[in-house]
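Common to both upcoming complexes is chain A, partnered first by chain B, then by chain C.
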Partner chain A sequence: MTTARLGRVDLLPMVTRGFFLALIAFVIFGPLANLVLWAFAERWYFPNKLPNEYGLSFWYRVFQPRGNALASLGTSVWIAVLTVLFSLAVAVPAGYALARLRLPWRAGILLLFLLPQAVPNMPVYVNIARVFYTIGLNGTVAGVVLVHAAHGLVLAVWIASAAFAAVDASLEEASRNLGASPWTCFRTVTLPLAAPGLIASAIFVFLESLDEFTGTYFVGVPDVTTLPLLMFNASMGGNYQIASITALLLLVPSIAFMLVVERFLKPEVLAMVGR
Partner chain B sequence: MRGNEATRQQRTGLALVSPALGVVALFFILPMLMSVVLAFRGKNGGLTFEHMAKALDLYQNDLLFTVAITVLSTVGIAICAILIASYLTLGGSERTRTALRWLYRWPLFIPFIVTGQVMRTFLAKNGLLNHVLIGGGLIDPGSAQSLLDWRGIVIALVWKQVPFVTLLLAGAMASVDSQHIEAARNLGARRWQVLVDIVLPQVRGTLLVGLVLSFVTMLSVLSVPMMINPNSPTLITVDIAYRINTHGDYAVANALCLLSLLLAAGGAALYLRHAVAKAVPAA
Partner chain C sequence: MQTSPFLRIESLTAAYGATRVLDRVDLDVRRGELVALLGSSGCGKTTLLRSIAGFVTPESGRIHIGERDITALAPEHRGTAMMFQSYALWPHMSVAQNIGYGLRMRGWKKEAIAGRVGEMLTLLQLEGYGPRPVTQLSGGQRQRVALGRALAVSPEVLLLDEPMSNLDYKVRVELRHELRALQQRIGITAVYVTHDREEALALADRIAVLNAGRVEQYGTPEELFHQPASAFVAGFMGADNAIDVVPAANGGWQAANGASGGGSMRAYFRSEAAQLLGQSPAGPGALVLSGTVAQMLYVGHGYRYRIRLPASEVWVHAPERIDQGTPASVAVPQEALLLFPLHEQRAA
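Our next item is the complex of A and B:
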């Protein structure tokens, strides 16, 4: 008697839960499914629910040697790599100082790095494009890298600082007591221990640069075409297949990162972010 | 001696921080300040309100539209994020929570530009959404309509931003003292009462931070409105790009930029008021 009642009471919430999970799954994956359909649609005309014909001809077109897409992919990756190198080169010393040294206005400095993510970006891109135009940086990889770096720096600095703060200071002291110079101590003790956090910040900056659209749209024209720009142009030109295939290409690194992010970003580092 | 050590540390610290600060100052703060200057500078270099008046005159509707869309999206994000985060914290079934935790994050890792393309196909008249609604018998084929107008922009923005706020919120909720929750439960409070009376007041600050950052992000997005609804009424980011690409009109573009900065400042002021209100009784 009791078990039968329990069974009935438990069944209803289970069905409701299943229904809501299915609804959320549709909201999340429905749009993505539509993208995948377009990527493999050879032809898809109006009243048809599904593509009239599937095929890979657009994939061949995207991946043909010396095609636009591969060139844009190359440009995108090159810009992202340079952005990571540049950001880390300035963020590692800054992060170390913020984590370990007694700094005046420390909270203010941390906030300053957040500014590019906390203020609308259009004013910046509009004017930086104009300045870069007069000094010949518009339409160059270097110009785009600088814009991406300024925007991604908050991730690099905050995470680097958290990674250094999570390193046990007594290990550094031990190495100093054994006679290591500050630089040797940093190179052989602090840096290796902070490495996973620094790699995580590098990946964040890489992805942010890879996916960036608005800054490149203003500063990159007319010579620098990254993958997001190519995707945008294809989509606005009505070529949904090319747009969808490039969109999928952009998704691969992001999703791959989502699946491994927890390996690099340890909870003890995460707890120090922004402190 | 100690004072010397401290100043030496400060000096080294500032030297280490300054390259990074320089990048932000040169390539972000300076161009942002230029916007304020250029919005009010006349042809002969004098002060003028001509550009601002023109911007307000030409784009009044789009400005109101931008406020409406971003506020509506922020409310939508808040509702969805609270629902998901509170189920993740207080929900009954462990398996459902695991599934939900795996599900909700996906759009966080999907760039805005891809979100624009994805929604452009999904919400179109011939998109998957309409086909599923028709197939499920929820609407009849004749009444299928394209959602690629203001609704599309709101849906795309909410879809993209909910995971970010949920992530922050769920983290904050997880750190709410579980003894408070258990005590309330033992006293007979229902789950929604625990949420409204115990959990939400303690995570209000985190929720506001997430919402303000989302609000500002939405004010910056160019790709989503361009791809979903580029015709007026649309978001002012599209107008700014149009002013520059078509007219080379940096003056009016900068006036619009300044207005978008003011909108963001409005959002930030709301947050600061909350932060101050919270800090005063504590002090």
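Our next item is the complex of A and C:
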């Protein structure tokens, strides 16, 4: 008797929960499913709900040695790596200073890095492109890296500052106390302890750079073609297969790195973000 | 033990912003001596320790170790080793790496470091713990590693910042004896910050009681306990009862009861030093206070009574049980009275 009554009571929340889970799954995975279908569709004409014919011929086209997909992938990764290096070169000293030194305009400086995100992207990029054009940075990898870094630095500096702030200051004092110079202390204690946060920020910057589109479009075209630009061109040309395959390619590093980030970004670091 | 001071602090003044934390502090520590800096939180004892280590820059005053003036040196050049309240062990290093860090900084060879780390592990009864990550150790073990890390470099002065405050009472008392034995065996000079009177009395050769950035009294534990120099020190040393007294006809003292004639003083005494009078008469010259038992607490080895007097109240310890509301007289032997002029009380 008791179990039956319990069963009936539990049924309603279970159904509701199942319904919402299904809804969320559809919202998230629906577009992805469409992407996967298109990536393997040989032919797909309008009234049909599913592709007329499946195949891998577009994959061959993407991955053939002369195909520009692989070249763009290379460009994308190269730019992302440079962006990460550049961002870290700025974020490590800046983050450390923001976390440790008593800077008078601390909050202001943190907000300054947020500024590129706060204003509408388009006018900013148009103006950057205009400036870069006059100084010869338009259409160069360096120009694209700078644009990506402007974006990535927010994440990099904010997370790096949080990562350094999460390192207990007495750990550094103990190191100095036992004979370490400021630089040795930073190298042997502060940096290793902040490393997980810094790695996480590097990964965010890498991913941000990998699928950045607008800035690359204004600064890089037509000389620098990254994967998102290739995808854009393909879908504008009605070639949904190429666009979908490129999108799937972009998805791989994103998912892989998200798993890594999840391991590295500890709660005590997250708690310090923006402090 | 040498008599010439080894660590010398002269007129040290330090401030955080507008707040003055240390006010012209003088302190001499002999070689091989353990000195406790005792005081409640905010009295400046930790700031004093951190100025010796080089983490606080004093506004004025000098600090010498031996013949060296270390006032302006960076922490890494001072030759002190500090044990932190939080232990500050590096979580990304093993026990052996933590202990060997200071030696690595001094450019020791790998084998020499390993040898010294082994010695330290034996000394602290941590054999076999070398390769373990410090995150896997218990509180007491971490404390030992922190001590070993500081001792490994054979510092000229060992600085200890409330190293026991994070431990259970039982472990704390045990380690207290160990630490004292170890310090005496090595003969190391040490400065020990604590807010625990019992700990300071048990550990230290000399105690400096700090109050509001000044040294109230500096002396042996016995001196501080029996001859406190001020009302503050008396209170800190456990004389928790205070009562205003005037001279009595028999050459002793009697409660002032509001009257403040010539020669009135404030008397401090410990609850253990007072007697609850039953049938036995008070000794000659004793201060006798009459009141009623207002509260009774059982404390294991007897009872603690709150006795309500006409103008105030006092705490008294007694072995026998007396019911609340009973009239009672308290006698304090003259030698147990710590007397201070009233005006000093107001200043403190």
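As a convention for this text, the second predicted complex is superposed on the first by the 271 of 275 C-alpha atoms of A that agree within 3 Å, B and C clash if a C-alpha of one lies under 4 Å from a C-alpha of the other, contacts with A are read in each partner's own complex, and residues count from 1 in each chain.
The rule is short, and it goes like this: a residue touches a chain if its C-beta (ideal position, glycine included) is under 8 Å from a C-beta of that chain, and two chains touch if they have at least 3 such contacts.
For clarity, every value in this text was computed on a predicted model and none was experimentally measured.
Touching more residues of chain A than its counterpart among chain B and chain C is B. In the superposed model, A:189 makes contact with chain C only, not with chain B. Once the two complexes are overlaid on the shared chain, A:174 sits against chain C while remaining clear of chain B. Of the two partner chains, neither chain B nor chain C is touched by A:77. By the touch criterion defined above, A:142 reaches neither chain B nor chain C. Contacts of A:199 after superposition: neither chain B nor chain C is touched. On chain A, the patch touched by chain B and the patch touched by chain C do not overlap at any residue.
Chain A meets chain C in the complex at residues 168, 170-171, 173-181, 184, 188-189, 192-193.
Considering their complex, residues 13-14, 17, 21, 24-35, 37-38, 46-49, 89-91, 93-94, 96-98, 101-104, 109, 112-113, 115-131, 146-147, 149-151, 153, 157, 207, 211, 213-214, 217-218, 228, 231-232, 235-236, 240, 243-244, 247, 250-251, 254-255, 257-258 of chain A touch chain B. Residues 53-55, 74-76, 80-82, 84, 86, 88-92, 101-102, 105-106, 149-150, 153 of chain C touch chain A in their complex.
Within the complex, the chain B residues that touch chain A are 6, 9-10, 12-14, 16-17, 19-24, 26-29, 31-32, 34-35, 38, 92-93, 96, 99-100, 103-114, 116-122, 126-129, 131-132, 135, 159, 212-213, 216-217, 219-223, 226-227, 237, 240-241, 244, 250, 253-254, 257-258, 260-261, 263-264, 268.
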